[in-house]
Amino acid sequence: MKYVLEVAQTVFALALAPLVVGFVRWLKARLQNRRGAPPWQPYFELVKLFGKEMVVSKEASWLFRCAPYIVFVSTLAVTFLVPFLFAPLPFDGVGDLLAVVYLLLLGTFFLALVGLDPGTAFGGMGSSREMTVAAIAEPTIALAIFSLALGAGSTNLGRIVTQTLGNPAAAISPGHVLAFAALFIVALAETGRLPVDNPATHLELTMIHEAMILEYSGRYLALIEWSASLKFMIFLSLLANLFVPWGVATDFTPVALAVAVIALLLKLVLLGFFIAVLETRVAKLRLFRVPELLGVSFVLALLAVTSSFLLR
Amino acid sequence: MYADLFSQLTTLGSSGVLLFGIALLCRRSLHTFVDAFKWQSLVLAALFVVVGHFGHAPELYFVAVVFFALKVVFIPRYLERLARRVSAERESEPYVNITSSLVIASLLVLLAYAITRPVVLASQLPTRGGLPLAMGVIFIGLFVLISRKNALTQIVGFLVLENGIALLAVLGTFGIPLIVELGVFLDVMMGFLVMQVFVYHIHDTFESIDVEQLNQLRH
Amino acid sequence: MKTLFLAMFIAYGLGAFAALVGGRKSFGRWLVALGAVLGAGAGLALGATVIATGIPFTLFFPELLPLGGGLALRLDALGAFFLVVIGVGAIPAALYGAGYTAAYKDGRASLPLLGAMFNLFLLTMSLVTLADNVLTFLLMWEGMSLTSYFLVMTEAGEERTRNAGLWYIGMTHAGLGMLLAAFLLLAGGAGSGAFADLRASAASLTSGARDAVFVLAFLGFGSKAGIVPLHVWLPRAHPAAPSHVSALMSGVMIKMGIYGFLRVALDLMGGGPAWWGGLVLGVGVASALLGVLYALMEHDLKRLLAYHSVENVGIILIGIGTGLMFHRYGLMPLAALGFIGALYHVLNHATFKGLLFLGAGSVLHATHTRNMEEMGGLIKRMPWTALFFLIGAAAISALPPLNGFVSEWLIFQSLLGGVSIPVPEVVVLMPVAVGLLALTSGLAAACFVKAFGITFLALPRSPEAAHAHESPFSMRLGMALLALACVGLGVAPFAVVPVLGTILAGLGGLPDTRAEFTMNVFLQTPSAFGQMSPTLMALGLLLLLGLVPSVLWLLRLNRQRRLSDSWGCGRVGQTARMEYTATAFAEPLKRVFAEIYRPMKELTVDFHPESKYFVQSIEYRSEITPWFDQALYRPFLQSATFVAQQVRRLQAGSLHLYLLYIAIVLILLLIVARWL
Amino acid sequence: MTFVLLLFPSLLAALLAYTVRPYRVVVGWANAWLSLVSLGAALAFAALVLAGSEAPTFGPSELLRADGLSALLMVCVAAVAALALFFSPGLGRESQYDGAQLRRYHVFVNLFIFAMLLAVSANNVGIMWIAVEATTIFSAMIIPLALTKASVEASWKYILICSVGITLAFAGTVLTYLDFVALSGRAENALNWPVLLSAAPGLHPEVMRLAFVFLLIGFGTKAGIAPMHTWLPDAHSEAPSPLSAMMSGVLLAVALYAITRWKVVVDAALGPSFSNQLLLLLGLFSLLVAAFSLVIQRNYKRMLAYSSIEHTGLICIGLGLGPLGVFAAFLHLVCHTAAKSMLFVLSGEVLHRYRSTELERVSGLLKVMPWTGALFMSGILAIVGLPPFGLFISEFALIRAGFAAGRPGLMAAVLVLIGVAFVALLRHSNRMLYGAPPEGVAIGEIGRWRIAALFLSVGVLVVLGLTLPAPLEALLNQVVKVVAK
């Protein structure tokens, strides 16, 4: 029974992901007092893309054709591990926070490879910058995990959520707050949001994530767009549920599940609003200033660890 | 009286040998060089006879005769012939001028005295007084070898060194066992012959017997 | 077990003999490969039986090496594990070698010597794990270095190889000197030097002597393993050797350094003060970070892989360092976890580094060049090699379904476990180590995207790359075996971890952790701090990978596919010059870590004679020379040559000077004798 | 009787070479086969000593005596002599020396061997000194076989430095005899070694210290201990290779034998500490000088000469490290003799083929003469102390003795210096072995028999490397019993 709920939760997350991206885009448009496309616009794009034929470059190899599936599958696998609605997930033992990070790295690895495959300058530039950002973001994620695990006594996501639910005082301890800030910056870097990479443009100087998938079309582009939005959704819900776990259902009664869904939606809206405001306020950083930003997040994470250790 | 006459005679003889050694240092021309050596060997042969007589060591007489034949007659004659044959020009300027080499020689003799103090105490023979002088001759022989540039003078320096040791032997032990003594003389003679042959070789290949040119083989 | 040992010995011996007799003919080359495979197989079996039964295998020849107390061989669990690692590394390399050495038929290198030395190298390396007294160990150790030196010098035609060979044998000899000093200090001079006596006398050593032995052993074994300050020979020697040999050297030989260090630090000395673990951890982190940083900047494929060996040895040392530290504070289960992570990474590194070097070897075999800037598009001409190289690259970047991830996860967990160390200032060290290890794995992923992307994908950048051909079957077979091993070790760690537990049981007081770390399919760390099941994860990924395309197929979505040019901003015709090059790929990271690299930049612009505004040519040169050579080795070499110059002046050629030497020494010694 | 068999063949060979006016090849071969007779005698002595019988003596007032120490050296000398004679110039293929030179060579080389054998078997210390002096004189005659500026200079320096050195040793002998006379009056057989040894405890310590300094400097010059080593590189690089093989391999060993004989007497007189410190000091200095002189070297014969100085230094250090050290030192001596004599003979072949002793002009040896190249490489690997060969074992034993004698600091220095010499030697020999052969050098192997003979010595080295044959071990134990009672 629990496994059916688990699959249901994954399908729910899968369905919700494009909406979250659409909502943020719509909100940003509104803030720049533009009418902007409706929040559910991404669904139309996905349906359109799935219908179109795939144009593949002559130089590309078999890797080009199967990479989208790998990227999508790896992101999908992560959704099985992340506690969107209820905490003690049946698949919790299969992978912990480290596994989540490395699964996402698997996706980025193949995406970067595929950026190089068609042999265009854009692809190369995109994958080079993507891997630079990913490499420098790694230590911050590891330290954020360290501080969380320290507090909860285990790196498994379910245990962390239940632990923080158990003693709410821990949620507002400096360790958690600093870790939240660090993880927030890294989330922006990983999902290609504004200060690090501009998701809305095709200008080769400013696009990192877009550059790699320039050559894709049709079904492949749909899969990659969907996994990108899913990744954005994962990071937001991680930020939400690990640090503000109230509302996550611990037993499987329908009422608790309903509460969990509403709580999740509320948190996502809140975070989406915050990101939209941030993106309209701040301009894109020059590539070689990104390491300084990630350096700041690294120091935050280090402080999180030491403080959570000293106050234990 | 009998004993101290013997020791006085031996110290006189050994100081004579030392004097000729030092004389060797301030000689310019080759001929006078060889003469000094000849006289030194003569005094040494006489010393052999004296020690043989007083020290009741009859075989020393035979050794003295051989020594005389070798070091006074045979070697100087060959040296003269060599000097004429190789027409050694005037002895080229030694490394150290005469006065400072004399100062060094005296220092060496003083050092010899200091070093051989325990040897003199250890030996009970009446002739022990001359031991430091013998060590002095050894050091001076070494100094001649180092300071002279001419190959011939180096051979003479080597022979003076040998005289010093022979003197040490006769004063300290009234003559080492006969087989060894004869063996030593045989070696000295062969050594001298080989060195003499080499001087001819040097003369043929280097046109002069100044050892200064022998410095191509380095590092 | 004795028959297995004899089988191994005879197989290697026959292999070497066959090489000497008929090395040049292809039949001879296959015999050599067969001898090596059989020998390695017998060694593997011997190791497996010793691990399975737990009874150590001993053999003693008193009349051989009587000065060192006889040729004593004893294979206990630790040695057996490394014998298994040799087997795992050697079998594919030998198969690969049969095909690869065909290239030397044109007389560039002497095949009989290569074949014979290959077998002897494997034999001496296996005997290193079996040695049970000081002289046997050192003899086999130096024998291993000597045979591998000959292997490195097979292509001794170029000056670069000779230089590499000299660096290699010089460094290993210095290492041997330190090991000799360490062992003799440990044995307290007297005694036969058998490891059993060493264990006994180690306890009675003063703490100062124990520290000296530890540092000497660490430097001696570290120089072979390739830790940072002593790694300079590794990027020179490994690329110079033929690829199947460098696969063996990188994958297996540097592990002998780890084996030796574990044998001395853990088994003979039974652990020591906390700063031992701290030193190993510090050097491990430094090696890992600097290894990957310099690998990023390399565009010679084999040098890149050699620098990665330095990085992975660093990771192994991190595992050992945490293990030693926990051992010191009595947290035995965590100590066992650290060592298990290290040993697991030893096995994994042997597989994926071997695979990568063999892949690089077939690329070299096909394109006759090691420079990545001249490759490209090989995936279309060498599909199998590309697939195997991709598996290797994914494994080394610790991506989930493969074995790199499992051992890196174990080492991360042991680092995270550091929290329970009572001493606060040591614990602060842990998060820094975690951060740097994560940075290293991130950079490794970036480096292998560059390595695989530039070498195999996009358009061929040179005619050789354009005409590359797939490598023969034996080479692909070797790579296939290793790829399978990578996937197998990645998917089924629950089988391997308990075996590692039995190996470490009782070594230096470690508890038997056979059942502690695995619960049927799951891996978990002490006090259930971290739990993961790579098997289920791999199954899940596979299931989803099958599910998603079938769902799309069921929905009858549009499946046409049309080939056309890739987007070039409207310009017609795409050439290889438009692609990203390896240097360009690594340029952002070079700019980020500029102060570590301190790159030498040189820009020369010569203007048109008439006017300053027109430029005839701009030349930009930027080079990165590892500053170890300048900072550490150059002054050492300069001082040696300076002293040599002074000593040379001693023999100045003048006879009088020589006689003066004798006189001075005589007078000095007389004065000494007389008065002192 | 076996003494006659030991000494007489070389005299006979010298006589034979002298009488046959125009030199003919048959004389060379006869000498070579005669030398095997003395090798047999030496082996007989070794067997005799191993059988545990009292040391055999011979001649008026026990002139000759063969105990463990001298038996070991006899075998070494006779073996290297046989090897050298089989490779002497003038045997077989054309040689660059004319008839007269060859005749002079064969006369004096056999006299040289006779002198060495006499020195080793002499019981009387004076006779030992005379024999060592005789070796200098005989070998000096044949260094300048072809009269060139370099060989004349080398031979003049050789004869002068060695004669001066040896005369100082004679001064030491006289001082000891003087002390003996002061103790118990003149005696005909006073200079016999057993007599001297039994009287040693009574001798005056101060005089014996002076005497040992003279002896160490004297025989040290012949042994090539720094700073008296300056003649060695010149003499060995200019002499014909078989002679330099013998000089480097065995003559240094004979001088070290003499130093050991006297060390036993001096240790009996004033305890081992004085002689050990001197030996360690001079040994370390010669190791230092040799190791760093190897770093910048342009002539491969001089390179081998400096490596002999390095190994002499090692043996001296071994002698100064107590009984374990003496065992290691003499094992090192045996291994070094085998390796160095082979290398010098090979360098002769290389010189004959490449016509130059300059390192720059010799390259691609493995391509020009594969088997000789392989032999040369194994020789270099042996003297550098790499495993399959005996020197690795003896260096291990030496350093273990050092640690046992409580001198880790000194051993660390020794290890560093050995490392410097290791890298330097390998750098030069790699230059020679690999690379492309210079044009104008004929490709082709030397005679099959010569390679077989040299493989014999490689075989000896490998056997010494892997195990220690029982007779040799027993002989070495006898030596240790004699030397470090």
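A, B, C and D are the chain letters, set down in written order, and residue numbers restart from 1 in every chain.
Note that in this section a residue touches a chain if its C-beta (ideal position, glycine included) is under 8 Å from a C-beta of that chain, and two chains touch if they have at least 3 such contacts.
It should be emphasised that the depicted structure is a prediction, and the values quoted were computed from it without experimental measurement.
The minimum number of touch steps linking chain A to chain D comes to 2. Greatest centre-to-centre distance from chain A is found for B, with centres as Cα means.
Measuring from the averaged C-alpha position of chain C to that of chain D gives a distance of 44 Å. Distance from the chain B centre to the chain D centre is 31 Å, each centre being the mean of its Cα atoms. Rounded to whole angstrom, the centroid-to-centroid distance between chain A and chain B, based on C-alpha atoms, equals 101 Å. A separation of 36 Å divides the Cα centre of chain A from that of chain C. Within chain A, no positions touching two or more other chains are listed.
Among the residues of chain D, those touching two or more other chains are numbered 156-157, 160, 164, 206, 210, 233, 293, 296. Annotation for chain B: residues 115, 118, 142, 145, 211, 214-217, 219 touch two or more other chains.
Contact between chains, as defined at the top, is found for A-C, B-C, B-D, C-D. Across the complex, chain D is touched by residues 63-68, 135, 138-139, 142-143, 146, 153, 156-157, 162, 165-166, 169-170, 173-174, 177, 180-181, 184-185, 187, 189-190, 193, 640-641, 643-648, 650-651, 655, 657-659, 661-662, 664-666, 669-670, 672-674 of chain C. Put simply, chain C touches chain B in their complex at residues 648, 651-656, 659-660, 662-663, 666-667, 670-671, 674.
By the touch rule above, chain A contacts chain C in their complex via residues 50-63, 69-70, 72-74, 76-77, 80, 91-96, 98-99, 102-103, 105-106, 108-109, 112-113, 115-125, 127-129, 131-132, 134-143, 146, 149-150, 153-156, 214-215, 218-219, 223, 287-288, 291, 298, 301-302, 305-306, 309-310. Of all residues in chain B, those touching chain C in their complex are 95, 111, 114-115, 118, 142-143, 145-147, 149, 211-212, 214-219. On the side of chain B, the complex with chain D involves touching residues 57, 115-116, 118-119, 122-125, 138, 142, 145, 151, 154, 158, 161-162, 164-165, 168-169, 172-174, 176-177, 179-180, 183-184, 186-187, 190-191, 194-195, 197-198, 201-202, 204-206, 211, 214-217, 219.
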